[in-house]
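Next up: the structures, one after another.
Two complexes are shown next, each including chain A; its partner changes from chain B in the first to chain C in the second.
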Partner chain A sequence: MVTSATKRIVIEPVTRVEGHGKVTILLDEQNRVQQARLHVVEFRGFERFIQGRPFWEVPVLVQRLCGICPVSHHLCAAKAVDGILGIDRLTPTGEKMRRLMHYGQMFQSHALHFFHLASPDLLFGFDAPVEQRNVIGVIAHHPDLALQGVMMRKFGQEIVKATAGKKVHGTGAIPGGINKNLSVAERDVLLADMDRMLEWSRKAVAIAREYTLRNLEKVASFGSFDSNHLSIVRADGAMDLYHGKLRAIDARGAKILDQVDPLDYLEVIAEEVRSWSYMKFPYLKSLGAAEGWFRVGPLARVNVCDFIDTPEAEAARREFLGLSGGRPSNVTLAYHWARMIELLHSAEVIRRLLHDPDLQGDDLVAPAGERRGEFVAMIEAPRGTLTHHYRVDENDQVTMANLIVSTTCNNEAMNRAVRRIADEHLSGRPVITEGLLNNIEVGIRAYDPCLSCATHALGQMPLEVTLLGPDSAVLDRQTRAG
Partner chain B sequence: MSERRTLVLGWGNPGRRDDGLGPALAAAVESMAVPGVTAESGYQLQVEDAAEVARYERVLFVDAERGGDAPFRLRRLEPSRSGVGFSTHSVSPGRLLALARDLFGAEPEAWLLGVRGYDFDSFGEGLSERAAANLAAAAGFVRDAVRAERLGAAPPTPPSHSHPAKNSRG
Partner chain C sequence: MTNATITLTVDGRQIETRPGQTILEATEAAGVYVPRLCWMKGLLPFGSCRVCTVRVNGRPQAACTQPVAPGMVIENDTEELRALRRDLIDMLFVEGNHFCMFCEKSGNCELQALAYRFGIAAPGYPFLFPQRALDASHPGIFLDRNRCVLCARCVRASRELDGKTVFGFAGRGAGRRIAVNGEDLAHTDAEATDRAVAACPTGSLLVKRIGYAVPVGRRRYDQEPIGSDIEPAAAGR
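Moving on, here comes the complex of A and B:
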């Protein structure tokens, strides 16, 4: 509760716009952290926007949610539409083209995050001056790495273009399958770069691994805490980023639930509403809101699966878990290493798919089955488990849509990370130091949150940090360019 | 090394009303089929766009603008070394130019065209009436400028709806 004896620190954009977060830290009279909150200004109107639209339009419509992960929304909605049409199995070409699109998206997203945002922290240390700790600094000191990041992102985008038709607003996934196959010419262009992408992926794993091992003590304690972890997995327990059933484990690795069909998600997952946040707080019903919150994304997926079915990523996973004695890692900064293991896995899957002749098949769409009025689909988006739930009426119009995005699933975890960091850096010092701002950014970046970036017009503002006293007077203010 | 002449790169979200001004202008330029001019569009600028930018002699970035002059505002862009943010959601055109220079050794002449928009807070396709009028004016200016290869020529100063821009991310 906010009392007159507390002080409030706010890290926020000047204007209320999407695509920005706001951090509020409350201090008590002794300048100890009483509460820390990450507010994500999320536009929730999208689900209403979908209502009334023909359901077959949804896979294209939902891409407008985000310019970073449109493919995840496109494919998740397509899977839901398949279900509404009673299609439970795609043709080999349809399934594999969609998988290629998805792993291409995963590859480009993870490469972008690592080289553009994480690598400056890992290469220079996150206490380095902000003037150096950015991609320009990486270019100056590690030009080969910076170029690799750009070219890996471009490679992933070329896969998306070849499978979805366009880099953004693709139309590749259609009800029951895909609208094109991969030509031999398209395949050969991608294969020409494949060995280089694999090599660069191995190097990226090595950078994240070496940073973690070299800074083990600092990494282990930075914004870390025990948590549950959740993702979909294949029937045999393998990591499968495109399709599977829900599994959740606790901080020590014990299964809380396993092989729960996405159709039954409402039986195991609920969302708590808190008055101060636009985002909901999902939790496992069996444990309740206080104990049932969980993490999703690369760290959770590497923790949750029994194995990875590509050899190099599996070897990397074993080494990763070896550091925590074979049990799940609960270290926030380990997200970076886990993300790179998935980058390598994605490269291996892409190579496997590109050599599969089914991609040149002509049987693109599976026949419709018995029509359903409701369906739920899940996919592992780059940032974690994504859920699309739709109901449609007899006129094929969507009457209800519920989307649970990855960043929402990590809401509680990001708040806890900010709290841990604030505890360490702020208590007793009621000023917003450069170090505090750096560390909060590093903590949030580990989760790679998607901040509902639907608009990006010129005129939006950078982050601003404001320190308010008990009487709401501004004690300190700092601005950080976005 | 640049191998082409002019790139018009518009970005924004056509599903968020006037935020789609950038892609709309890119589409308008594409339909003009001006020799030596290529039009591209995207949701947001991203790092790989640096490789594309590096292939041109001059680049016109086009985005919707929340504040500022109507119907549009043109300004010269230089490579920028702005700091790193906490999400991967977009790259400024200035930083893209820095990437093109530092990674690909290319320094295209670059301009930013901000087309004034008004409706950014609702879902839906299509521009507001005033934004559509601004688009038409901007498209006319770009058509004449790229044909004459005189992007740097001062655009007409609009008489109305003018007030200082709040901020530029360029």
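Moving on, here comes the complex of A and C:
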């Protein structure tokens, strides 16, 4: 729909991401992009309705805000509850079972995103027909890859089931530890598939790497921009997706902050609210809202850590950073390659853990220590750094909860990616072309956003793009089903 | 007379029982499961939930309160009674706030287990979403009225088994709610080890800080439906 008076482009819904969002692009008189916004338009309000619930219920309750990475919320809340109970160290079995659960989830989530959500764009090209550029197309033209995606996801889900009790929304992590160990029979079932999973993970890294190298020119500029990067890292600077302290670096790799305890997150991170989205905009306080925004997730983690403590993923990391001269990569589409490096890392960690006899231990829960009224926990979820902050009163009831979800941290970055792509594609024509729609989706999808998590919303994730003129009149609107 | 036996017919099958038993006790001894919720072994029958409704010589009766009599013809597992019980259970769900997905009693909950046995996948009646108060004041007990089905098991267990009067009812009709004998639970003589706490069939009365210590798969109704212990043939239903 185009009229002479209208100047607005809407893309709604955004497809093949988790949740529901839309994109609005505002144009000036010359039809140049003035502003591009990714709106997240649904709201769920978890922070409010867990108030009053007993703290031991929270790890199981709060994970219900997402069906894709509930394990991250489950474990992050469990870590926070450990802190409330004054438990700073779990038993070896408790900690390793939780780690196995977490890396199992990371493995399945990354496999799901790469093979089912992102691979259609990479295999067929951003502008391939929509009817081909989807998972059905992948099954038809690359059945081996489609099958690998399904089987890898299944493997990760089986790990989650063996550790949490259920594939989705389990109950495994309890205050102070875990409610079951891994039986020898469960372990052996998983080990039987381990070599194949490692081999497929290596291949997935190779696919992402080759795609990046083959399309280097396009990939390097596509929706890309310099940014800060943030993740938690281990005390020695290693990548640790389960536990660590905050580190942020700038676009060239200089440290902005390092080893900041999650308890002090409010001293270094603030969130800006903008009226047009339910998703907040976090930023580093020391740099302010304008300069302090950052990226999280696989790209940020591979950039931020000093090394990865599994050999194959570390070799892949070195090669990855070699492309940017050993400095952080600021390429939006490099998220895919970084995600596959983490997939390989997860497989290596899972193999290491499955061979660890501590998983068959019986000492599941650590004794409570001195009670704290408040605690903050962080974990690296598949999509980035996840923060859970709770206050609990003397009656064991939650009085305050604050969740800073991974996708929320990438809010500014996703908006910038949309802006960059819209700039390149509109060039004075106030209409939404198929190319614009496709490219905006590809840009957003690189971040693997979970918009349902980010606002704690319910529903599918379709894309709507609206093109607005300077007088806010609607110039064009395109909607694509989720 | 005390040694006499009584013969009844349950769903066309003759069973022998003794005078003084209720229909529920007699059928249970004969391996016939009559669904029940407010009834609990060791407590006087109360007859409030009506889930155990059977037809006795054609008339609806609560099996937990009705004594046996010679020649009774009892209908139990009929489509009409199954539908009635399903509706009763359904109504218990919608008049409270029962969120099984995060309730720690899930898998051990008798209300949930009944819903599974009766094939209730989702409520058929509109939710009432009542506003109900929590009581977390007690150091060892958590009272969540959202999950209370007014079965009075805690009320009776407190009196009959614990020798206390911690719980009672306040209000009438739709406004009826569980009440405690004090300003709040902390101001009663309730203890976490009271039989009254363990008597709760749902997640309304909980011992604090237990949560999900028992993993999924090892909970009471994870493997077999409720009633399987009485009616082994029901397993795998």
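Keep in mind that, in the parts below, the second predicted complex is superposed on the first by the 441 of 482 C-alpha atoms of A that agree within 3 Å, B and C clash if a C-alpha of one lies under 4 Å from a C-alpha of the other, contacts with A are read in each partner's own complex, and residues count from 1 in each chain.
The working rule: a residue touches a chain if its C-beta (ideal position, glycine included) is under 8 Å from a C-beta of that chain, and two chains touch if they have at least 3 such contacts.
As the structure is a computational prediction, the values presented were derived from the model and not from experiment.
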Exercise. Is A:Pro120 touching the first partner chain B, the second partner chain C, both, or neither of them?
Worked result: first
For this session: Using the superposition on chain A described above, determine whether A:Val418 touches chain B (first), chain C (second), both, or neither.
Result: neither
Exercise. With the two structures laid over each other on chain A, which partner does A:Asp396 touch: chain B (first), chain C (second), both, or neither?
Worked result: second
Exercise. Which partner does A:Arg153 contact after superposing on A: first (chain B), second (chain C), both, neither?
Worked result: first
Exercise. Does the superposition put A:Leu61 against chain B (first), chain C (second), both, or neither?
Worked result: both
Exercise. Looking at the overlay, does A:Val130 come into contact with chain B only (first), chain C only (second), both, or neither?
Worked result: first
Exercise. Does chain C touch more residues of chain A than chain B does, or is it the other way round?
Worked result: B
For this session: Would you check which partner chain A:Gly172 touches, where first means chain B only, second means chain C only, and both and neither mean what they say?
Result: second
For this session: Pick one for A:Met197: touches chain B only (first), chain C only (second), both, or neither.
Result: neither
Problem set entry | Common ground on chain A, meaning residues reached by chain C in one complex and by chain B in the other | 61, 64, 169
Exercise. In the complex formed with chain A, which residues of chain B make contact?
Worked result: 11-16, 18-19, 42-44, 46-48, 50-51, 63-68, 81-91, 95, 98-99, 102-103, 112, 114, 117, 120, 122-124, 165-170
Problem set entry | chain A residues touching chain B - in the complex, by the definition given at the top | 19, 21, 45-46, 49, 61, 64, 66-68, 70, 109, 112-113, 115-117, 120, 130-131, 133-136, 139-140, 143, 146-147, 149-151, 153-154, 157, 167-169, 441, 444-445, 448-451, 453-463, 480-482
Problem set entry | Complex interface listing, chain A residues touching chain C | 52, 54, 56-57, 60-61, 64, 164-166, 169-172, 174-175, 179-180, 365, 395-397
For this session: Over in the complex, which chain C residues touch chain A? Could you list them?
Result: 101-102, 104, 134, 136-137, 142, 206, 208-218
